[in-house]
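Paired with chain B in one complex and with chain C in the other, chain A is shared by the two complexes that follow.
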Partner chain A sequence: MALLRATHLTQAARFLGCFKQTHLTQGFPQLSPCWRTISGGEYRRPGQPKEYTPIWKQFDFQKGVKGMQKHFALLKEEFLSRWTGPEGRPLVEHMLEQTRVIWEFRGPKSLENWTVSSDREIGGRSEAFLKLGRNNTTCQLYGTLCSVAPRDGETRYSGYCTLRSKPLKGAFDSKKHHDWTSFNTLHLRIRGDGRPWMINIGAETYFSHQKDEIYSYFLYTRGGPYWQDVKIPFSKFFLSSRGRIQDDQHALWLDKVNTIGMTLGDKADGPFQLEIDFIAVCNDRAHTEEFAYEVYKRNPEV
Partner chain B sequence: MNCVRCLLRLQSLGIRSPSVRAALQHPAWLQRSTAPSKITRHNTCSQALRRFHGSAACSKSQPVSTDQEEKDKSLVTYDDLFEKVARDTKTKATFNRVLEVFCKRDIRRRGHIEFIYAALKKMPEFGVERDIAVYNNLLDIFPKEVFVPRNFIQRMFNHYPRQQECGVQLLEQMENYGILPNVESKVLIVQIFGEKSHPMRKFQRIMYWFPKFKHTNPFPVPRHLPEDPVDLARLSLNRIANDLDAKVTVYQTPCTDVSESGEEITFPLVVGIQSPDQMELLAKHNPSRPVFVEGPFPLWLRNTCVYYYVLRAEPLPPKEKVEEPYDPERSFYYPLELDLDLDRDLGEDNSFDVDEVDEGPVFAMCMTSRGDQATLNQWISGLQETNPILGSVPTIFRLDAGPTELQGVSD
Partner chain C sequence: MNPYVLTIFLLSLGLGTTLTFASSHWLLAWMGLEINTLAIIPLMAQQHHPRAVEATTKYFLTQATAAAVILFATTLNAWSTGEWAIHQMSSPATITIIMLALSLKLGLAPTHFWLPEVLQGLNLTTGLILSTWQKLAPFALLLQISPALNSHLLITIGLLSTFVGGWGGLNQTQLRKILAYSSIAHLGWMVMIVKFAPSLTLLSLLIYILMTTTAFLTFKTLSSTTMNILATSWTKTPVITALAALALLSLGGLPPLTGFMPKWLILQELVKQQLPLLATLAALSALLSLYFYLRLCYAMALTSSPNTLTALLPWRLTQNTNPLLLSATSMFSLMLLPLTPTIMTLLTY
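So, the complex of A and B:
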């Protein structure tokens, strides 16, 4: 009976995720020895040693002063912007706006909001780079894709390149989110080379086991010298976790959007490029669909 | 006969899926569905033998056939089997023969998991990775009805996990190659793993999501690209031009000629595209400003990369821009421009607050099999016949040292 209760406790601890497992399972064998840490930083490849930097080597006085300046300025801005209106904009604008440009690429400063990564971090051989376009008014993502899986005995698939926006941060690195509730469509102006991409939207989640959940949809490029306007309704985005479509789908909640990303992984080895002019959200009044996939319980339940 | 019995048994298990019912109505189809009938014959044998299935050690001590003893005990046995049977030709027929050889070799299909994993890995080599019939034959290797859970405890726990994992892996490979399983696969999965097993779930998921995303691509690429380079160039140019009025012109077909001095000269392929709008733009172009031939730019059609070149001009400086008034006679039915002074609310403003990217107009596009300046000059001179202004405009070549072939990377 006692053992039974203990296992229940362990289950609960694993479900909550934020407990240290050792507190509850002292004296009992751990049920799941390899369980990815919740607050893990970078992806650690299988077989790679853990990096450890002592705390006195991470300290830098100059950096601290700069950080304080930045964060107090942000705090002041945050405090004062409330007097103008919600999110620092007048109320009329907040209520009536139909389009909002979220990211545009004008100048080298705008590239700082983005993270580029490729399968190099899991041991692959793809490369991805980000640079400004010819007139410094667009951003160009380019590189080469290579879908040879790393030979570490565990990884089966490889070959991706990703561009991801950095999450918004308020003063003192507090969380801030994009609130897109008054819009229903994502609008991008891109120029690709004919490859299919995937748009990923990461929203804020409540439980930590949901941290890998992203909403995805396809972005098909035509190729050629002309710009392409792509409108994707948010209702089309489907839920996936760690690259697998989930059975229980529900619509993307737009009130707390953290990141947006673009992923290439079409298994065609070779160079690629994608040019982005801007990423915006708009309100398409002709689009009334709430969610494109079934949310009711299906029978047979998949 | 055996499969009919299997299906009847399935029906008694409570399957009411329309597919199985359809299968029961067409016994002729059944004959086809389990085409390697030898495999099904072994089925019943394995069922009958199950009673004697004691421990693994016991069964190992009784060799089924004599050639089993000669078989080496290395881990790569099944890779070897593929190499041995299909030594010179790697086709679908030889692949199926390997499967047959494996099924005949051991009545209990011992080691079928390892064999299926090896076969999955070998499939692209044999060129059968997109063949649904081959996948069904692979599924047919699993012994039937052995892994179906028989009571609630088995159903509750993961019954035969390695076998189920292997089945899921097989379905995943189908998924990765974009193949939709058919009714035959479903019947096989139900026979092998039962109705609520993991492979069945995987099957259901594929059947749910695949048809949903089948037609999402607004710019579809055909599965088999045309072999002929002219057709390929025509297809890709039509794709990037994005204009139904655009006209493709073949300026030169690829051919080989022997010159007077006996040297062989190959004429490269030159195919260009230009739409009436582009011609109009080019006619309005200021002849004192140069036009540029740029390239090569890549274009991907599934796994094939082709390169194209563009004839374009630099963007006009702001002072030279002329706002062209609308010609009122362009449309007699409704005015193309309304000069009403009505205030628009912010809520009616659907435009985006961004600066336009200032880029020069594109006048024409082309594809060649050789990307040097001489070949592109040929294209420009061909364009001159329809656009006489090109004779007086200086043309500058801005070519990157890139791949020069039309078909750079191909799968």
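So, the complex of A and C:
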């Protein structure tokens, strides 16, 4: 799925302003994480014109200078954080922590780490929006699902929407990963509307730009006015590649996790809503399962 | 893995190294290196996890590149001087190329980038083989060509490796990556001294193999791959916790443990060779490495983690029916310092 923020923008504005806010790398599209999607790596529906503004029209010196300052500051911080400890925090914290809240929605800036997408990119009619919830303490993903397939002759199914976190970027947009080796459970506090969602974790893959493999598990929301605490052990996540669940399963390695996301595609047309308070990881001492799915030999020797 | 197949791979590993040891012709030495690479590939890819396969691929590509460059340089040398014998390299350009290829094979800076990621993708036993056995063959070649090598290049590579190994390991919590950076640092020490006293390189290599074997076997016994899991080992095996802490300090080069021996002798030799600044810089870089070894000791033995258990694997207690290797290597890695004169006479040739 293309990582495009589906907002109320027009086609051209949607292309150029891949992000609604002024992005520091807008003067240098090559530096932005969305470069490939801008240049044509995302899905372009057959018949749609190829949109491309040449580089000399996008040049902005001030933004470039700010970008350089930001990246050099990040680089300096990366160098100096080594003296403090792993991941820039003291070792004692790393050894003692049993829970860590990774994403918390407390203010408009927290929404910048997330990307909302729906089947509008392939020409479908679902809509999905992301906004801050009440009191700026939660985020609300809402919209309408419509499983009418787009009439382009090649798409058969439609009707999905997804919320995905943006991967961590270090200095000069280098890849950084979440290191969750001290933990074994995902803890979410959500308030859904009874629909079944899928939680997708994207870990570091074999090739550097491979986006095929994802580890998923189900999230059944209860609906209703009460908050729901969901704890899913990482051993339950199963591997699927390009949407197909693989036979050769293996456990999710937690030392390089890139993104987490939630997808809705339950073929039920109509409005939906999901409110998220926080997403955390914790270490459940009583959970001893390594991997929930049997890995057996498909062609055993006789 | 099927025991017959495993035997074939392990014996091939032995064959490759032995071939390189026994060869005086560059082609045979190259063949030994290639056999080593190919034999360890299936061992690395045993786990059908994409990151394990990624580590295998990265390893294969770097080693194959290095072997190809060695072949290229030796062929150039044979073409220009007509000499295929290893110890009679005379062309300085080709010998520099071979040195760079060997540093890629060993994982010396600035060609060290593959080592932490590759080690991270392997299980501990294969990581042990990679860190110890696979270093022997390239070092055999290095020792043989050392008289003709450019000492500036060697010192640059050595010092850079010690600093990179120290700096890179500072932020790590994954034990395999820590051991990878420790390998880079130790290899740097070995390479610094190869021009002046090759026997010290050999001594350093053997002591390093001993200490790394201890470290890997300890981690394997404790089924730990991260620092947090190591922190709870005091609840499981207090004896190993105590000994392993000392073994890590030995890796860091603290007297009166064995690891001090190579560092002391290397620093002494460097000073004798009128290189006190280099000796100072090397000793300072050893402090960086010592910091992360100390951090592991701190996590393991000097603090009692309030958590009872952080890992799943120890629940399935595999019977460690043969602790002989771990106990022998840990004793050697702690107690050999008083035997320094004996070892020196054994290795001086």
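One rule holds for everything that comes next: the second predicted complex is superposed on the first by the 253 of 302 C-alpha atoms of A that agree within 3 Å, B and C clash if a C-alpha of one lies under 4 Å from a C-alpha of the other, contacts with A are read in each partner's own complex, and residues count from 1 in each chain.
Criterion: a residue touches a chain if its C-beta (ideal position, glycine included) is under 8 Å from a C-beta of that chain, and two chains touch if they have at least 3 such contacts.
Here the structure is a predicted model, which means the values were calculated and not measured.
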With everything superposed onto chain A, say whether chain B and chain C fit together or clash.
-> fit
Would you sort A:Tyr293 into first (chain B), second (chain C), both or neither based on which partner it touches?
-> first
Between chain B (first) and chain C (second), which, if any, makes contact with A:Phe218: first, second, both or neither?
-> first
Give one of first, second, both or neither to describe whether A:Leu96 is in contact with chain B, with chain C, with both, or with none.
-> both
Touched partner set for A:Gly270, first chain B, second chain C, both or neither = first
After superposition on the shared chain, which partner residues are touched by A:Glu204: those of chain B (first), chain C (second), both, or neither?
-> second
Identify the partner contact of A:Asn135: answer first if only chain B is touched, second if only chain C is, both if each is, neither if none is.
-> first
Looking at the overlay, does A:Gly64 come into contact with chain B only (first), chain C only (second), both, or neither?
-> neither
Touched partner set for A:Pro108, first chain B, second chain C, both or neither | neither
Looking at chain A, does chain C or chain B touch more of its residues?
-> B
Chain B to chain C: minimum CA distance in the overlay, Å?
-> 5
Chain A residues contacting chain B in one complex and chain C in the other 96, 98
The residues of chain B that touch chain A in their complex are 176, 196, 201, 204-205, 208-209, 212-213, 216-219, 221, 236, 239-242, 297-303, 305, 308, 310, 312, 345-355, 357-359, 362, 365, 408-409, 411
Would you mind writing out the residues of chain C in touch with chain A in their complex?
-> 47-51, 53-54, 120, 167, 170-174, 225-228, 231, 295, 298-299, 303, 305-310, 312-313, 315
So in the complex, which bits of chain A are touching chain C?
-> 81-83, 85-87, 91, 94-96, 98, 179, 181-182, 184, 204-206, 213, 248, 250, 253, 255-256, 283, 285, 287-290
In their shared complex, at which residues does chain A touch chain B?
-> 92-93, 96-99, 101, 104, 106, 133, 135, 137-138, 157, 187, 193-196, 218, 220-227, 245, 247, 267-273, 277-278, 280, 282, 293, 300, 302
